[in-house]
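Please read through the structure below; I'll follow up with questions.
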Amino acid sequence: MATEIQEIDLKTDEMIINMGPQHPATHGVLRLLLTLDGETVKHVEPVLGHLHRAQEWQGQNRTWFQYQALIDRVDYLSGMFTSWAMARSCEQIDGTVVPPRAEYLRVMVSEMNRITSHLLWLGTYLIDLGAMFGFPFYPFREREKLFDLFEEIAGQRMMFNYIRIGGVLRDPKPEWFDKLKRFLDEFPDRIDEYETIVTQNPIFLKRTKGVGILTQAVAKDYGVTGPCIRSSGIPLDLRRTKPYSVYPELKFDVITFDKEGDTWDRYMARILEMRQSIEIIRQCIDKLPSGDIMGKKQMAGMRIKAGEGFAAVESPRGILGCYVISGGGEKALRFRWRNPSFCNLSVLHELLKGCPLSDIMAIFGSIDVILPDVDR
Amino acid sequence: MTDEKPSEAEKPEDKKAEAAKPEAAKPEVAKADGAKPADAAKPADAAKPAAPAAAAAPKPAAKAPEPVIPATAGKFEQFLKEHGIPAQRLPLSLEVETIVLSGDVLQAALRLLRNSSEVKLDLLLTISGVDSNDTYDSVYHLWSYSNLDELVIKVLIKKSDVAEGDLPAVPSIANFWSAANWHERETYDLMGIRYANHPYLRRILNPWDWEGYPLRRDYKQLVDCLNDKNPHSMR
Amino acid sequence: MANLISRAFGGLNEVRRGLATVFKHTFREPITKNYPDEMPDLAPHFRGRLALTVNPETGDHLCISCKQCERVCPDKCIEITSHKSPETNKLELIDFKIDHGLCMFCGLCTEVCPTLCIINTNDFEMADYSRESLIYDLKKLTLSQDESAFYFDRKEMPLPKPKPAKPAPAAAGAAPAAVAAKPAAVPSVAAPGADAKPETEAPEAKAPADSKTVEVKKPEVKAEVKEESKPEAKPEAKAETKTDEPKADEPKADEPKA
Amino acid sequence: MFSNGDEIFKISRLTIVWLAGIFTIVWMVCWALGIALPMLLTQQLGDKAALTNEILRAATPVIAILVFIPINAMFMVLIERRALALWTVRKGPNRVGPDGNFQTAADAVKLLLKEDITPTGADAVMHTFAPILFFAPSVFGAVPLLAAVTNNHPLFRVLNLPTGIFFVLAAGALPVVALVMAGWASNNKYSLVGGLRSAAQAISYEIPLVLSLITVCLMAGTLDLVKITEQQAGGILNWNLLGGGALTGLNNALAGGGAKALATSYFMGPISYVCAGLLVISLIISFWLYLTGACAEINRIPFDLPEAESELVSGYNTEYSGMKFAIFFLAEFTNLFIVSSITTVMFLGGGDNPIPPYILNNIPGIPQMVAAIRDSYFCSTLHIINPETFFATLWVIAKVYGLVIFAVLIRGTLPRFRIDQLMAFGWKRLIPLSLIVFIIVVFAREFVICHG
């Protein structure tokens, strides 16, 4: 790197490194153009689009019924939320009334999905930090158990296609609830285990405390949402601040921290959210009413009334919005996704400026970006 | 239903296309060699994409309920007017106030809405480009970090105003609102709306040398993945 | 200094706790399975390979060529060939193709199917050497009678109503005979199959079906497709297929009325 | 508790089978070359064979190591994978061969058959030379250890050096050059960063590592590995880990010397007691320092920055494939083994039995067993088994693989440092600490009789 030695001072050149799209830690296919001075990041430019699948175009070229099966792929780690966002916006336009049982089921499966998403994040984040052989398997173990439950109700483990416009696809059997309860009973112990290994680990603390501090001003400027901004002290949680579905009937608090969050706070926020989700699911099981689960007939030629609407849900990564313009036909005129990962990723270059190369992964991992969600 | 009025003119055409479609489409589907419908769907409407998407796409304007333009001015409209920014009311979409601004005042209006202590619409959720019947819309969804207000702002650019080979232009707000940066790039990329004075306006999702703007109605696909034959598969 | 030492000991203690927690897992049972040796326990509604069922009681093919699935498929991976039979004025199925290389297993086709004909089986092992071989035709898709019975039972789908034996002049004589033969024959074949190997049934039954296709000559006429498909799918029940043949014609004759 | 008994049984069986296999093979080679062949030649040729025998005896240790390293690395990879699988509630490799015994052998074959790629623009000579330079020190660095770990077996005594530990450390410092070479020659920025990181890291961690070993040498008063081992004989209280002979008085008192024995060891009264305590604590710290430094030296988690997978793809060996990569891989695991052996020799008493002889010899059956082995045909005539060496080697194997497993456990738990934190940790914490320990030992040793 040192190219020319002048009389006294050592002049160094900047090095440009192309991190990704095939790099073990970019969570898929993000490409970061890094300008390094030694190991210090001078400038970073994310290059997106390697996973662009024209989801919006597909939404406009497929019928409502067909597109429901595709949107799990927008954010494959939280398919329930993408489904839910679309279902909510379409129901708003259409004026469909969702039966209460369906709403409770939606909340349950979504919170389960939030847990799986955070579990995956936890595992991969520890991989990013270098603990790649032991710990990451533990979250994945619990995640698989939840996937077994999903498989029972939805038919597949990740591409659920369970939440539909007007309700949910299938009513779970009573045994399913028993299994879920059993899982919920043992899961807090597992979280304790994770925390024993990770939370106070001195190396983990060194890697995360005080690293990648996201100030409120920057976060607001970039439209950051989700756990990232809650850990920075802004209590923006749609489930509470703009409650939808049956969330008003459930008891829980928005998880925020008093200070401007660093990487460790974002980790902690997600751990706490997992514990919170357990409580929410428990309440849902207790309150689950009986009755219908579908408020609109599911059929191939399903139509949505003309109109436009924007609906958002609080996905594990932030506000997931869906802007739909319907012309009243079988297909939408315009589908537009507001993806939390896309917005959260745009703040990355602010966080990375001036940090060492190793912190790229610590910071990038902590904002929990899912590339299909970014590129759609 | 922002574009109700403009679409009046096209209505007869649309209807005709609508009417023609079912008969045209039915037999083909039944024939079970589904490669053809694109040709039949094309007839009158040049603006429609070539894909069979067009078959269902045309606006059944007649079916839509009559839009209700709220009688009283909305909170934000009034606020903007007080500060000397002309804003035009639109029908409520799902109880959310929707206003139309002209491009010239967009920056001033957003700056005002974001920074004033009264409204504090400081969460820019998304900027969407919409290819309506005869306008290009740039739609801003504004929320707030601190309260429950919502506002939808639309900037409409008439297609007739856009010169041949030119892109519709909207002033960029990325210079004072970083959240808009990538959204504007994406809208430019997919919808071809040029955001004037954007710091770094280049394609974000598509490769830099992509031709055309894929979400536009007049976009011609190089390969129609829904209908073209793929040598490796059945289709 | 004291602070430093206490922090160092605190840190070491945390590391020790972490190591102990990991070490505790020595005594936990592994959660992974020896997959090819033991099959995973899949949910009944698992969305696996697509297949066409037959009536588990009578063995009639359930597809009525309504093409709902073809229309709804987001990938356009289903292709149905049918024609209108000149005598009965009904749609008759000639061929049914699904490109499993294109299918994304969303299950929409199974939701719209009016006769519960197309279903997602629990089979997911479809790896093959070429894309062409992933295109399954009617023979490969149609399940045998006991497989259908197994899936109807497992998915808790209502059994299709048996077709009222239509006294179509030609088949009239054969039909009653078939009905009489059925109750005796079905339990003997279907019951052991469904009970003995609930998980692996589909893949195993598929293999003989594939190998048989070679021997069977290509059907030229629509009606024969079904007659042919049955013998392969159920190679062990040769005698039974005889009785099926007249029945296979019947449902087609009834469809428009039903 | 033992719901996992099946897996644990499998993994123990696998370990025993492999270890028995490895050491039988290596020992048979050594025996054939170093004992049987010379015996035969002497019988046949008489004095004329003397020169040949000398050469054979000198070559035996090296050949033993060359045979041992690849097989051992295979076993270590396998046991690492199985142990990690055990701790991550999985099954691990179990398809190739019974219990997955031959998985790593198959991997090795695969690696050897893979295409060997030299990237465009790479410095081909350096690119080829780097793995060799990385691997060679681990071969000749292991040589002086042989005599120490086999309880000074006559066959390996030849290559014992009076400055053994010095030689081993010098050899252990060489691979850094190879890593920088590999990083530079690969024409890849990740590799370059990895190589430079490894240089920085190795230089910083060499210091606490060497200082902690010097502490031990100070205790022993010699650099000779065999002597260091022999001094520690006599039970766990004599090991350097527990202050060497600092607790000898306690040892003797246990043996029946009583107050008098204590008085001879701690001759200066209270000061000696305090110093003995200080010695024990310092040497435990020293042991920990050595483990930390060694982890950094051989690039194991949590110090695996040169090949930090999530940051630098694979660091210095990103561009290596096939045979060259296999050599890197081999050398890494061999280094782990050597480091564990050094720890065993320096701190854990080498081949010493943790149970003191005065207890062990009173256990009925054990002296008789030793005597029976000594009198057996294998031992007395064929010289296949040497009871002193045999049991010592068994203990060494147990200790060394225990340490290896511990390294695996660490690998399964801890995340990775950041490079600047790593340097800060090394220079600001470990080096001062090791200096403090060193000085304490220098003074405390004067007041306690160590190692007799």
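The chains carry the letters A, B, C and D, assigned in the order they are written, with residues numbered from 1 in each.
FYI, a contact is a pair of C-beta atoms (placed from the backbone, for glycine too) under 8 Å apart; a residue touches a chain by one contact, two chains touch by 3 or more.
Nothing here was measured: the structure is a model prediction, and the numbers come from that model.
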Exercise for the section: Compute the centre of every chain as the mean of its C-alpha atoms, then state which one is farthest from the centre of chain A. Expected result: D
Completion exercise
Taking mean C-alpha coords per chain and comparing to the overall C-alpha mean, nearest is chain A
Fill in the blank from the handout: For the pair chain B and chain D, the C-alpha centroid-to-centroid distance in angstrom is 69
Handout entry: Whole-Å gap between the CA centroids of chain A and chain D
Key = 46
Fill in the blank from the handout: So, in whole Å, the Cα centroid of chain A is separated from that of chain B by 26
Exercise for the section: Averaging only over C-alpha atoms, locate the centres of chain A and chain C and give their separation in whole Å. Expected result: 35
Problem - Overlap residues in chain D, where contacts from two or more other chains coincide - result: 87-90, 412-414
Handout entry: Multi-chain contact residues (two or more partners), chain B
Key = 226
Exercise for the section: Spell out, as numbers or ranges, the residues of chain A touching 2 or more other chains. Expected result: 63, 134-135, 141, 197, 201, 203
Practice task
Would you pull the chain A residues touching chain B in the complex into a rising list?
Solution key: 48-49, 52, 54, 56-57, 60-61, 63, 92-93, 220-223, 225, 234, 236, 241-242, 305-310, 312, 319, 321, 323, 325, 327-331, 333-334, 336, 338, 342-343, 346-347, 375-376
Practice task
Using the touch rule from the top, collect the residues of chain A that touch chain D in their complex.
Solution key: 1, 15, 17, 23-25, 39, 126-135, 137-138, 141, 197, 201, 203-204, 206-207, 356-362
Handout entry: Complex contacts: residues of chain D adjacent to chain A
Key = 84, 87-90, 189-190, 192-193, 301-302, 304-305, 308-311, 313, 411-421
Handout entry: chain A-touching residues of chain B, taken from the complex the two chains share
Key = 1-2, 51, 53, 56-60, 63-65, 93-94, 96, 122-126, 128, 130-131, 139, 141, 145, 148, 152, 177-179, 181-182, 186, 190, 203-207, 214-215, 226
Handout entry: Footprint of chain C on chain A - complex, ascending
Key = 62-63, 65-67, 69-70, 134-135, 141, 144, 148, 151-156, 159, 161, 170, 193, 196-198, 200-203, 298-300
